[in-house]
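In the two complexes that follow, chain A is the common piece, with chain B as its partner first and chain C second.
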Partner chain A sequence: MTIAVGFEGSANKLGVGIIRDQDVLSNVRHTYITPPGEGFLPRETAQHHRECILNVLQKALDEAKIMLKDVDVICYTKGPGMGAPLTVTALVARTVAQIYNKPIVAVNHCIGHIEMGRLITRSVNPTVLYVSGGNTQVIAYSRQRYRIFGETIDIAVGNCLDRFARLLKLSNDPSPGYNIEQLAKKGIKLAPLPYVVKGMDVSFSGILSYIEEHLSGWLDSKEFTPEDLCFSLQETVFAMLIEITERAMAHAKSSEVLIVGGVGCNEKLQDMMKVMCKERNAVLYATDERFCIDNGVMIAVAGLLQYKTQGHTSWAETTCVQRYRTDDVHISWRE
Partner chain B sequence: MSTFSVNLSIPFPSGREAEIAYQVLRVDKEPSRASIAKNLILDNNLLQISISGTEARKVRVALTSFFDSLILVTETMQLFGPPVPTYNYY
Partner chain C sequence: MNNFELIAQGAEARVYKGIYLGKPTLIKERFEKKYRHADLDKRLTKDRIKAECRAIIRAKAAGIATPAIYLANLERRCIYMEYIEDAIILKEFIDKKVSKEINDDRLLNFIAQGLGTIIAKLHLKNIIHGDLTTSNVLLKNIDDDHIKKYENAANNFVIIDFGLARTESSVEDKAVDLYVLERSLLSAHSEIPRLFSKIFDTYQKHYANKNQCKEIVSKYKEVQLRGRKRLMIG
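Right, the complex of A and B next:
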């Protein structure tokens, strides 16, 4: 039996998760929530992580009913993400590795999402839609790489939703995306928004600019309500994502879809994906907010796989990088 | 052009704790835009740091950031220590 602890802090969620082989022992998270209308910035987010990380670690150990000396491998997020917050979790991971003489493994955040999604849903070889505040990618596995079939050419879909929520001054608690989803349920009229699919890629920044330009006019004239706009934005951006996912499935001859990343816990997105899957006789695999949203368990899962096939990361390599592509990682644990 | 530099010597309760701080803090490189030189030296139970650069503001930012990190490492050692004598996974 191998026990792995995972540290995640690449954005505004700070998480520590502990697994024993394939069983989740604990999954503790603390989110840095900003006031309505404001996003999270690197310096303040790092400050939040510094203040919370030792408590979150202790809570994860308590819930797992283990001590750090019982852990076999320490895993942390190397990237991609914001530099300052990433560094906080890497520092603590390196320090506890030194205190208890444990091997350390540097994990790609995107690979963490994919491997934990596969483990939790027991899907075998899915086409993966990875949608979050920082990433939007359609991914399929081939020859020891997770290949990116399509992606955003500017901002991530979650970033588009977050910034739209800021325009409407929606609450960031528990997350802007969740509040958009709730308001969208009361939306009736579909506003005409740009639909931007470019081959296998998507673009969201133009949609956001378009909304920024028209927002006050729409609201003042009562042509559309905030609820209508939440509904319209979701319909438009999710339809774009489903189009490129379906095309990737056709290319990869895949009959499984796995949705991962923070936007993946949006039930409207899951419902729309279900319709497409049904038409193709495919199966949809999705998880709930415990595992969709960034967490420490995903880092432990991917880190443990990597550790078992490649061993630990050399000390000088236990750095952080802001850019780290999904297809840079050699997937040594799959055929 | 004048150079601003800061030299500090930080004592730890034991040589091993100083070594951990040294090993943990030496890994991350300063961002290239910071255009400062940072050097860490381990001397028994002392961690010596020198930071220098041509802009006082950047030296101050690097020093603050160093202390943020150092405090986090020492707090981690206080809460989860004491450390075992050696590390085998370099």
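Right, the complex of A and C next:
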């Protein structure tokens, strides 16, 4: 039996998760929440992580009922993400590895999402829709890589939602996307927003500019309410995501879909995906907010797979990178 | 649609084959996508059927082989078009041929020659296909002799599925069109990484407007960076 601890802190979520082989022992997370109308900035986010990380680690150990000396391998997020928060998390992971003399594994954040999604849902070879604040990708596995079939050509879908929430001054607690989802349930009228699909790629920045341009006019004239706009934005961007997922499935002849990433816990998105899957006799695999949203377990899961096939990361390579593409990683643990 | 038989279901449309006015015909029905809001679905379907017909007619006028349009029916969400006989989808052709003969430059040259010239022709006429993948290209009457004489490769290629097509002249649109193709080749045909650069070379050779060609190339690099270097925060 191997015990792995995973440190995640690439954005505003700080997480430590502990697994024993395939069992999750603990999954602790602390989120840096900014006031309405504001996003999270690298410096303040790093400060938050610095203040919380030891408590989060201790809580994870307590819940797992283990001590650091019992751990077999330390895993941390190498990237992609924001530089400052990544470094804080990596620093603590490296220090723990040194003090307890444990092997350390550097993990790609996106691979973490995919591997944990596969583990939790037991899906075998799904087409993956990875949607979060910084990423929007449709991914399928082939020949030892997770290949990106489609992605955003500008901002990520979560970023689009977050920034829209800021325009409406919605609360960031627990997350902007959650609050949009709740408001959208009361929306009725569909606003005509740009719908931008290019092959298997999508673009969201134009939708945001379009809303920015019309927002005050719409609200002042009462043509659309904030609820209508939340509803319309979700209907539009999610339809785009499902369209490219379906196109990738048709292209790759796949009949399984896995949704991962923070936006993936949006139930409206999951419902729409379910409808699409039903139409083509495919199966949808999704997880809830415990696993969708960034967390430490996903890093432990991917790290442990990597450790078992490739061994640990050499000390000199335990760095961080802000840009680290999903298809850069050699997937040594799959056929 | 009596006597028509369903032959394929893609992501957006069902495709039926049959005889219409005595001709072998393919019906492309953009069936209702239930996951989309009904109004949005109607709007998209209508726009796409119109755009598809418009682009096919323009492409034909530019001398590019595409299926001829027989009838478009917005109410019933379908287009009747020519059924291309003796054709194979490029993706299947590559999967069958190239994976076995991976080092055969003639095959790569043949594909690059065909696609490169055709895309250049489309773009010169300001037609943006919008979904350039090897699933949307047919190869007609193909045999080994054709592959050897690759200068005329374009004659064997038929471009289909103009469902995301637009008629736009901006350099940005052309660059993104090429980028979409590159991405689809990288993901679906990762075993032949050289294919896109070969296609792009031919494209540049056949793009008659040299000044604009330069602009497209530099815009293309910009688009590529936008995707790759975008901040990717979990």
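Basically, the second predicted complex is superposed on the first by the 335 of 335 C-alpha atoms of A that agree within 3 Å, B and C clash if a C-alpha of one lies under 4 Å from a C-alpha of the other, contacts with A are read in each partner's own complex, and residues count from 1 in each chain.
The rule we apply is simple: a contact is a pair of C-beta atoms (placed from the backbone, for glycine too) under 8 Å apart; a residue touches a chain by one contact, two chains touch by 3 or more.
Predicted model, so just to flag it, every value in this text is computed and none were measured.
Enquirer: Figure out whether A:195 sits in contact with chain B (first) or chain C (second), or with both, or with neither.
Expert: second
Enquirer: Could you figure out whether chain B or chain C reaches more residues of chain A?
Expert: Counting contacted residues of chain A, the larger count belongs to C.
Enquirer: I'd like to know which partner A:88 touches here: chain B for first, chain C for second, both or neither.
Expert: A:88: touches chain B, not chain C.
Enquirer: Check whether A:44 is in contact with chain B, with chain C, with both or with neither, and answer first, second, both or neither.
Expert: neither
Enquirer: State whether A:252 touches chain B only (first), chain C only (second), both chains, or neither.
Expert: The second partner, chain C, only.
Enquirer: Determine, under the contact definition given at the top, whether A:294 touches first (chain B), second (chain C), both, or neither.
Expert: In the superposition, A:294 touches chain C alone.
Enquirer: Which parts of chain A are in contact with chain B and also with chain C?
Expert: none
Enquirer: Which bits of chain A are touching chain B when the two form their complex?
Expert: 46, 50, 53-54, 57-58, 68, 83, 87-88, 90-92, 94-104, 312, 314-316, 318-320
Enquirer: Could you pull out which chain C residues touch chain A in their complex?
Expert: 9-12, 33-37, 39-40, 43-44, 91, 130-133, 135, 164, 176-177, 179-181, 183-184, 186-188, 190-191, 223, 226-234
Enquirer: In the complex, go through chain A and note every residue touching chain C.
Expert: Touching chain C from chain A are residues 8, 10-11, 13, 77, 80-82, 109-110, 113, 132-135, 140, 142-143, 145, 147-156, 190, 192, 195, 197-201, 235-236, 239, 242-243, 246-247, 249-252, 262, 272-273, 275-276, 279-280, 294, 322-325.
Enquirer: Can you name the residues of chain B that touch chain A in the complex?
Expert: Going through chain B, the ones touching chain A are 20, 23-25, 27-29, 31, 68-69, 72-73, 75-77, 79-84, 86-90.
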